[in-house]
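Structures given as structure tokens follow.
Presented sequentially are two complexes of chain A, the first with chain B as partner and the second with chain C.
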Partner chain A sequence: MITHAPSTAATAAPSETDLTARKPLGMLLAAAFLWLLVSGGLSLVTAIQLHTPGFLADCAMFTHGRAQALQETVFIYGWAANAAFAVAVWILGRLSGAPLRGVGLMTVGTFFWNLAVLVGLVAIAVGELTGIPFLQMPAYVHPFLLVAGAAIATPGILAWTGRRITTMFAAQWYAVAALLLFVWSYSTAQVLLLASPVHGVAQAVVAAWFAETEVSLWLIPVALAAAYYLLPKISGRVIPNYDYAPHGFWTLIFFASFTGARSLVGAPVPAWIPTLAIVCSSLLLFHYFVLGLNLRAGLAGGRGNPILSFVSAGLLVYLLGGIVTAVFAFRGFAQIVQFTFFPVAQLKLMLAGAFSLPIFGAIYFLAPRVTGVAWPSTALIRAHFVLTVLGLTVTVVSLAIAGWVQGHGLLDPAKNFAAIAASTKPWLLAATAGEAIFLLGSVIAAFHFFRLQCAACRGLLCGSPATLEASAS
Partner chain B sequence: MKNGTFLFLGIFAALAISWAGLALGTNAQIAGVRPYYDQLEDKTFPEPMAGIAKRGRVVYQNLGCASCHTQAVHRAGSGSDIERKWGTRQSVARDYIYQERVQLGQSRLGPDLTNVGNRVKTANEIYQLLYHGTAIKPAYRFLFVEHPHDVEPSSKVVARIGDREVVPSAQAEELAAYLLSLKTAYDYPEAKPFVSKAKEGAHP
Partner chain C sequence: MSDQPTPDFRPAKPLTDEELLHAHEQITATEKDDGGSYKLLPLVLLFLFSGLIFFGGTYLNLFSGHFSPKIFDERNLPHAHEDPNALPVKIDMVAYGKKQYESFCHTCHQPNGLGIPGAFPPLAKSEWVQDSEERLIRIVLHGLNGPVSVAGVTFNGIMPAAGPTGAGWSDDRIAAVLTYIRQEWGNKAGPIATEKVTEVRTKDGTRKEWTAVELEKIP
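Take a look at the complex of A and B:
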């Protein structure tokens, strides 16, 4: 049974990895928090447009389609990508037992990644979106993102290949898989959907495959890496039934990308594609089972530790999301919820919950170690946790109910769209409130992070060694 | 798990299998779908899109219309698409072979548009909808331009504001042409509902 030793870092000097990672990780996390705020603002706009369609409709850059494409892009390529790269590289560096190599490449990559995202967002706003989910930026932006992403991932891969500790931990499997699969799937999707698009409705199949790969094989594995790293590290307990962990890992890696086509039930594509997706969605239940078995100690709650609270909540959301996905992939349910707010709620659950919550926990753990300064306020971390979980719960539950109501309305041919809209409006208003609460939590987190960064900068300018006090961990 | 090479190859194999199965497999299956030749009509179906409608497809894509509208009619018994008169038959892969970027759509905040060209008869109906909107569809006034009505009298006026008239922009005209072109004009053999042989030969 192999796990990590309990953390003593709250009083220890920064490690070699932390020292070498300080600048690029600072850049990645600063960009991530800025994009998180933009994404939250755009989420609020799109949420309002769902119950008040005329909101900002006169502004060409804020048609619902463009606002949604902007929000999705900012969240995925702005917040999630920057944060996921930071956490994955840091974990791989820490577990390699050696200083990070290639950090200069990482710094340059971070700069160009965020510049490319900015260019892509401007292009979407002026009407150059592709209409492909998770690939909305125009074709000329993506090669830059691919190269920049590969550059950012390089120190992580170098840390893994040049590790001093030969044994590999579960956190490393997930982090390495995330970095490799991002580069492979992203480059493949660019070729098959933008550079040399596949024929007819095969585009819809590839788009569904890519969207699922982005979520389940790039972002989620980083969150799982964080969970496998942080839970034993903070609690000081070994991971129970660790021998099963590889089975859970390979189940995810082999079956997750097939499940994306569950959104194509009833679509004009070969019937075996959605059928395979439904089967694989059920097979993934084994992955969730193993994860629950391994990390059940964390599921019991944070026990007062804010970082553990974030990770536990994220794990619970992930397991819940997985079960909901498996159940609602079946044709009987899919026919009701397809094309409604329900899949929006599912995606929100996975991205804002299963991914973001453990990543927030990881950031609260790593930032003081990398900067050498303790978080200014534990109360702000707790406020962020409460607002994020509350906002997420209200949004997801409201959207799920709205989707269920909408789905039944769509099945009834006698019910027109005005009547369906009227029946979902109360739930959409509640979802808007949820988005506002989530945004407030993000504002607090960003403010707190930049306060920490300012304190670290002051420490460096004054030339005094920064003190790593007992932090949130 | 200690072997890094095993991990690397395993991850690569997993993605390669799903890529080969879903991306290459589907493409090979779909690439074989050709236009259907009807001997009686001496024409092939579907027909390629006209120039202005083709430009309108790009406007449709750039405005993000697919976030609220689908373009795929589901078969009878799977949803209420046929009962809602969004089409007389289910959509099939052959309907999309000339589409450079297939936009099946993500949600149905508005109706399916596969056959909107059959439901709407004139471009002016579309202009009115785009300019005025409805309770559930926003008005997209940025797609229209105003000019003094004595400068260039137009038959496409959607509204008058004082001595000025509001007419569709080039984008709105292209979008309307695209929407009017959306119609499934032919019942392909594979689009007919499946009837099992036992049922076909059974006594009434």
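Take a look at the complex of A and C:
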């Protein structure tokens, strides 16, 4: 294993990438944190409605169907998209060894992306939702999002194609793949589901494919890029067994998009479609194995560094989620947990855990370097970590148990529906508590981030050397 | 970390971006041969992946429903529940015959069965079609040459054979097309069985076209 002594010369000045990225990244992350708060609030509303159906039932825009669609949309297109774009572009810029190009495009793209999300949310609130998972906003919003998203991604792609250091590192593969596959899957889904919808059951197949690619080939790769980038940088050690990293990468790229149809077990689709999805879920175990091998240093824990804590918790959740997905894809299990709270828990595990945790870590790492100001408080970061992990664990575990209980109840013809609903209630109450804890963590993180931004603005206004705290490493 | 009041998470032993890239490039670029000894990990990965592929292939083979677009239940394959005593599927001889007629006969006798005056005789209301099965089968099987009187009008042409000496149609195709023309266009004669065509074919074997005079001797 090779270790590197700190290079004393490089730590003084901020890197060119960070200086050029300051404005668009600030916008992206500010938007991301605002949407995260909205999403947390909506999660709480939908969680309460599951055990207290009367909650906000008289307010049309907060009826469960719309609140659920709003929450999903805010999380994916608000929090996750903004944060993922910021982290992916920043990592690509950093590893290109050159200032970012096309930053203006990114700024404009960020503005229009968030404007379009806002329009889409208003449309959902007044009842104009499509009913397609992850594509709930009406058809006219999505083309704008596609163009804006492509504009935000452009500096990342330009940084990669025009990199000064010709070597490629695993973090770059994942980040570039995420940006390109986002455009691929999002545009395909828009054509096949909204512009000229395919007919019959093919629609369900395409929708399942899209929901899976959004998570596995767009958001998750950014989190993996962050993990591959942060672990060696912070620990100062190279990735162990790095030669196998390409195998892990290609198995994900090749098999992940086929796994979506596992949710169609028992649906009126040709039997081979869910079967292929089950097989590909199993084949992805190879991806998780290589990832665990490469990033096992991170699995050992943060060793006091809160950024590493976030990344390693995210990795653990990702590996756990992968194994759960592979096991519960099989028909014997799927028939029990299908149409219960269990898949909700699985999705939460992937989005709020495997994706969000490493991304939080990456934001804590990049924000001081980009703004040139140190985080005001370590305690707040630790509090965020503890609350997030606690909230996530409570929510996911209770929803999974609720789903398991519910699934067995639904398969028992002797049990009536009201009895099944009553049996899940304690777990749903626990899940609500978990959502509240998670939201509290998000509030702390957002508050902390905006304090950092304010400090950075003051620094710029006073003309003080804001670069003091920024590290070029 | 906790002793640092204002953290920017500068690592104790930081890697700059360039160091990070070059350190990892070295790993992939210098793949050394360790003097004849081999590493265990590549083998483990190879076996793991092969095992997964083997499992996946087997599972796919068992539960793919032969990749058929019509099989929705992977355990309920059609061949598993096939009844060995099931009767063969009944074919609608009229529909089958209509297809044959439209593929071959209609060029001369026309889709409306009226033929072309002066050139090809009509089938509609034709005594040749409706009266003797024996004659009709022989005309189609072996063909007809020379003058023939149909519904009081004399035609002089040649009708090619559809049987073994001509187009090579099977007995059931011939039976089907004859059944069809005997009930179409107002004709009201009974169907012709495949067995009857077979019987005539075996009796007469292969021969040249009939003439109307020869046919009229047959009942």
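Here is the rule we go by: the second predicted complex is superposed on the first by the 454 of 473 C-alpha atoms of A that agree within 3 Å, B and C clash if a C-alpha of one lies under 4 Å from a C-alpha of the other, contacts with A are read in each partner's own complex, and residues count from 1 in each chain.
Heads up, the rule we're going with is that a residue touches a chain if its C-beta (ideal position, glycine included) is under 8 Å from a C-beta of that chain, and two chains touch if they have at least 3 such contacts.
Predicted, not measured: the structure shown is a model, and the values here were computed from it.
Of the two partner chains, both chain B and chain C are touched by A:270.
In the overlay built on the shared chain, the residue A:167 is in contact with chain B and with chain C. In the superposed model, A:344 makes contact with chain B only, not with chain C. In the superposition on chain A, A:69 contacts chain B only, with no contact to chain C. Of the two partner chains, chain C is the only one touched by A:374; chain B is not.
Using the contact criterion defined above for the overlaid structures, shared-chain residue A:185 touches chain B, although it does not reach chain C. Note: residues 167, 268-270, 276 of chain A belong to the chain B contact set and to the chain C contact set alike, using the contact criterion stated above. Against chain A, the residues of chain B that register as touching in their complex are 1-2, 4, 7-8, 10-12, 14-15, 17-19, 21-23, 26-27, 29-31, 33, 61-68, 70, 72, 74-75, 78-80, 83-84, 90-93, 95-97, 99-111, 133-142. Of all residues in chain C, only 1-2, 4, 6-28, 31, 41, 45, 48-49, 52-53, 55-56, 59-60, 63-65, 67-74 touch chain A in the complex they form.
Of all the residues in chain A, the ones that touch chain B in their complex are 49-50, 53-55, 57-60, 63-69, 127-133, 160-161, 166-168, 173, 176-177, 180-181, 184-185, 188, 192, 197-206, 209, 213, 217, 246, 249-250, 253-254, 257-258, 261, 264, 266-270, 273, 276, 335, 338-341, 343-344, 410-413, 417-418, 421. Those residues of chain A that touch chain C in the shared complex are 2-7, 10-11, 15, 94-95, 97, 165, 167, 169-170, 229, 232-236, 238-239, 241-244, 247, 268-272, 275-276, 278-280, 282-283, 285-286, 289-290, 293, 304-307, 331, 364-365, 368-369, 374-376, 378, 381, 469-473.
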